[in-house]
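Next, two complexes with chain A in common: one pairs it with chain B, the other with chain C.
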Partner chain A sequence: MSSVGKPSAERSPFNNTSFQKKTRSKLISIPGTRPSVQNGQLLVSTGVTSLDYLLGGGLAVGTVLLIEEDRYDSYSRMILKYFLAEGVVCRHELYVAAAQDNPDDILQELPAPILDDVALHKPPEQPRLSCEPQDGLDAMKIAWRYQNLPKVQTALASSSRFGHYYDVSKTMEPEIRQAAKCHRFYLPEHPTQSSPTHSTMLESYSALLKSLQEVISREGFDVAAPMSNSRNILRIGLHSLGSALWGDDLCCHDNPKNGRALTTFLYGLRALLRTSLSVAVITLPSHLIQDRALMGSITRLCDNAIALESFKGSERETNPLYKDYHGLLHVRQVPHLNCLASKLPDHKDLAFKLKRKQFSIERLHLPPDLSDTVSRVSRGELAGATTVASACGSGSSGNKHLDF
Partner chain B sequence: MLPELLQGIESGGLLIIQDSASYSGRHLLQSFINAALNREEAVHVLGFEVSEEELKDGLRGSPVQRLHFHNAYTDPLGWTDHPAFTVHHFCLEELARLVKQTSHSKPATLVIDSLSWILRHVSPPDVCKTLQQLRKGGAVRAIIGLLHADMHQRGTVGSVCRLATSVITVAPATKGDEAVAKITKRSKSGKVIQDEEIFRIKDDLTIVIQSKSSQPGAKKADSEEQETDPTANLTFNLRLSDTEREAKEKLALPFVFSKEKKTALLHSGPDPDDDLDV
Partner chain C sequence: MYTELNSILNTTPDSFTQGEFVLLSDRESDASFLIHHFLSLYLRARCKVCFLGLVQSFNHYSAISQRLGVSLAQAKEKGQLVFLEGQKESLSVLIPQETDTGSPAMDFLRDPAVGLKSLYEFVRSAVSSSGIGEGEADGAEEWGPPVLLVDDLSVLLSLGLSAGAVMDFSHYCRAIVCSLLQGNVVMLVRCDGEGEEDEGDDEGSERLMKGLTHQCSLTLHVQGLPTGYCRDIHGQVEVCWRRRQGDGQCTQKKLFQYKVHDKGASFFAPGTSSAVL
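Now for the complex of A and B:
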């Protein structure tokens, strides 16, 4: 009884009593993470708050996010930079691998965080309808029954914000960036000899996987490593995996010779991530991959998968319906970790817009037909109109003034 | 945007001219060679598809002293004992050696005619790696390549064009000697600019821009404006005058509570409208 009050330093290793101080929780508290409200997984923010909402609150530690690049790799690169910038702000460690650009160049282009405390404590922005009347809701004279209904929420946001905002017009200060530890892998610096053994994985991918394994074990990100007081998360960013510069002909040929090299790599990567405190974001030029079955197996091997389709260069750029947005976002896969079913997003038609201070992902909705000249073309026609010309459809004619 | 590209490609840039069987991009390539020679730059040409005489014949009137032609036309696959330049010589070390042999004060521009020949015999990942190494290394200042888009699979063309800083796709226009050029330029900051122009190449290899091709959206607006206004010539009045608008504002709406109606509900006294005794 008296031993309960003794300080623990005096206590012998073999306790006299079976009294054990109840520890608060088994969860390790790492800065920049929070447990998920849905399944208790440890989540990190991707840097884009709308994307966090789409993925169910954030990116779970130990999983992979696959981003299928847009045609000119502008927006996928932007999301990768947001992810790395979030790591710098949360004091996580970074690992950047690229074959085309030097990882140092990518790290120098990270957007500057908006560290204004006033902005952080502001309540989450109310989503605005695109055509809100200026005189406000009090002016509802005829449709007064609708006055008290909640407004349609177009922007994806959750009530509690997790993550930071970034200003893309400025780059991150070198002092902030150098405070974070970064590991780099630039493929031209790792000369590969063609090995005589027939391995299913290419030398570039094996070198990358070996380097990742070495960093994880050396820096102590293994879950099996001895529990110390300070644990940290390793954020891995892999740029343009599968492109020709990695030595892979996945994007070049319709029937690639090393069809299974990337999938073997992803399998090994996932095994590595599940046993360590790390998160990976991969960008992939999927618009060059012709084999859809292979693309499907790549998607299955990654836990989260989204695809970006930018309007630049397509005929949708001049379409008045899409004028507020920069592109469409398709959610290809949502993970189901330790559960049977996953929470799919409510709306499948999402569009994104890169503003200076925010990368917003919104539900795409048709604006009301306010002018005489804009013809109200239905979305179904738009989506498939360019390639399929149906005999009875009037999508190609466009004369829609008198549609009843 | 075509004239700006002709004036110079930025250092470390890769320009790809994509053509097809319906319109050859070789004239445009010769215009670029001509413009580079006029700027007193050294130009190295890897000629797989045309012979030296034919190329120099097309470049009549240009200062060809600074043009170095590497003959890959006679024996591109190395079937004889002493080939001049083969597809297997397309790697960083060989090209750097070639360019250094004829060293000038200014770094040279490398013109590849054509990349399609090399892509048929060397695997695309190796070609992409060499192009990227040439861009990043300092051996050449800029690279211009001709690519026949209909000779390769879409993935191959896409992979090579991904490395390029500018891509010009040429296609025939409606008139005889004119062509349409679709230009995509990627700047260092990641911004992508696109343009479409109709051009014509004159005999002295200068380019005349005929016009920018009009957007199809603008054309549609023109035809729509000619439609008659359906709100004209009606037998009823669609507009309100000021007094009419005031009266409309004052009108009590049916389901809204107001003072008069409340009193009417409470005591249904002598209501003048209720005198129907039928």
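Now for the complex of A and C:
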């Protein structure tokens, strides 16, 4: 992302979005980001390394990731917490907005980062000391073969890795969390004011958009802001947008009166993000929205979109075919930013599992059915699950099974 | 500009039918790669282009057009391209500031019930000043017939406008660009789902698509493959010519499969993809 390195005098009046092609100017590197190998976009990690891989290396700065919540909002909330925890570890700034829970509660539940096995491949703070005599304390006399290996580090400051691992059984230490700057937006604390225009956006969304713009311009995340040596990324987490607590009746009625409030907000949010160094993750209770066409237009207004479908509470929880996984993950949309082709995932049938130290997303791999009585019922159910692919036409699930 | 698509549509930058209304549509797919084809085609044909880029930033189109061999920044400087960056203009309307700057083109966001009149006025002023009335001493360049490109119309539905208002807008644009000025109009409409669930509502992308399909002279409909997801073949394009000849309408349909690369898209007859053969 070259715009960060260019002095403002050279910048042409058209190049004021956060997507820039890499040119020969020098790059100011922001900790916790890396350029994409495909199109040179600046990427940040979502906190879940397998999700990074799915999105093409990471989440591009200036884009929106939409997560369609699972039924009980357990795993989508977990991914949101991973995202915010990654921001704390990378020293990014956070912005959390919620209508249901206090953002402070969400921040207190962030998982603890695992720092013991952080090993840098090329430790930048350990220069090659092959020709210099070492200090007496550092030199190893017996295990001299291990002399030049990187030291195990426990400090957070020199972490230059992309993507970390978290232990979900522990919460983050308050000292680490308070080191990160965090902006909060808790809807009940904001007095609603009637907007002077008759726009379709609700007051809650207008207030949120206005607050976001204020934070972005005040803290200097604007791409057009004067260049300073330290640029940072703003990570925005919006919890459960579209739910009734935001004042939206999208999830309550079949024909919502404010059907276009959320889509107008998403349009404005994307416009805001494209001109700033920020990245947003939104969770949406899509299982409550009846109108599929509306869900389609919401998905198109976000750049990346995934949907989580957990097995909790459904009959698949006890199905032996799914015993290794906690749910299915559907990739609804992958963006193509500044290029024609997008990196589509190789496989559309993915499943996820939340382990203690990792949230893993794998290709749904069914073990061979080696039981004596092969039951055809389970296979029929499975066919319905794997044809939920967005790029193909409507594949009928073919639940007919022939029983002789 | 994709050479295979040019041969399918029998268009070249030097010769193309004028007065055409091309409708690009997709269902659960992404037809925006076709917009870049038409943008680079008409810029190379030295037409005066008015582009309403409502969903992406100028840099996005500029970067892609660079790979297709056309420089949008240069065209904008020379006056060949009039670009409306919808997202940027919309911010000043959605977040009301004390000092209201910005063109009135996106004013429909203030009150969607008013309709798209201000957007139409923007288009009209852009295509009407086609270099004739400039009268500069250094000689303003004469451009060809005006072309209007819209990416995309469905986002207007998402912003609160009714399908009727969007169809009125497209009708007005067609009247002034195709009939009056003998230019071309290319519009992109996106919809999803099976498309038979019109609950009698006024707002529906299905209604918009049916209305626009009736008005247009050439449609390119992009869909996913009916057999499922494939990494090497990204989908199929159905090209339909709706020409009025003599007493009746003659419609001709052709089906192609396509794959989008970094620098273009390739079109081939169904079943002849290089991945399969």
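Criterion: the second predicted complex is superposed on the first by the 296 of 404 C-alpha atoms of A that agree within 3 Å, B and C clash if a C-alpha of one lies under 4 Å from a C-alpha of the other, contacts with A are read in each partner's own complex, and residues count from 1 in each chain.
Keep in mind that, in the parts below, a residue touches a chain if its C-beta (ideal position, glycine included) is under 8 Å from a C-beta of that chain, and two chains touch if they have at least 3 such contacts.
Keep in mind that this is a model prediction, so the values were computed, not measured.
In the superposition on chain A, A:R260 makes contact with chain C only, not with chain B. By the touch criterion defined above, A:K348 lies against chain C but remains apart from chain B after alignment on the C-alpha atoms of chain A.
When the two structures are aligned on the shared chain, A:G313 is found in touch with chain B, with no touch to chain C.
Once the two complexes are overlaid on the shared chain, A:L272 sits against chain C while remaining clear of chain B. Once the two complexes are overlaid on the shared chain, A:G296 sits against chain C while remaining clear of chain B. In the superposition on chain A, contact of A:S243 is made with chain B only, not with chain C. By the touch criterion defined above, A:C339 reaches chain C but does not reach chain B. Of the two partners chain B and chain C, more chain A residues are in touch with C. In the three-chain superposition model, chain A touches chain B and chain C at no common residue.
Listed in rising order, the residues of chain A touching chain C in the complex are 12, 14-15, 17, 19-21, 195-201, 206, 209-210, 213, 255, 259-260, 263-264, 267-268, 270-272, 274-275, 292-293, 296-297, 300-301, 336-341, 344, 346, 348, 387, 389-395. Contact residues of chain B toward chain A in the complex are 123-125, 128-129, 132-133, 136, 153-156, 158-160, 162-163, 184, 186, 190-192, 194, 215-217, 220-221, 224, 227, 230, 253, 256.
The touching residues of chain C, when paired with chain A in their complex, are 28-30, 33, 36, 57-60, 62-64, 67, 73, 76, 87-88, 90-91, 93-96, 109-113, 154-155, 157-160, 190-194, 197, 199, 201, 203-206, 223-229, 231, 234-235, 260-265. Put simply, chain A touches chain B in their complex at residues 72-74, 77, 100, 141-142, 144, 188, 243-249, 251-254, 285, 287-290, 312-313, 318, 373, 398, 401.
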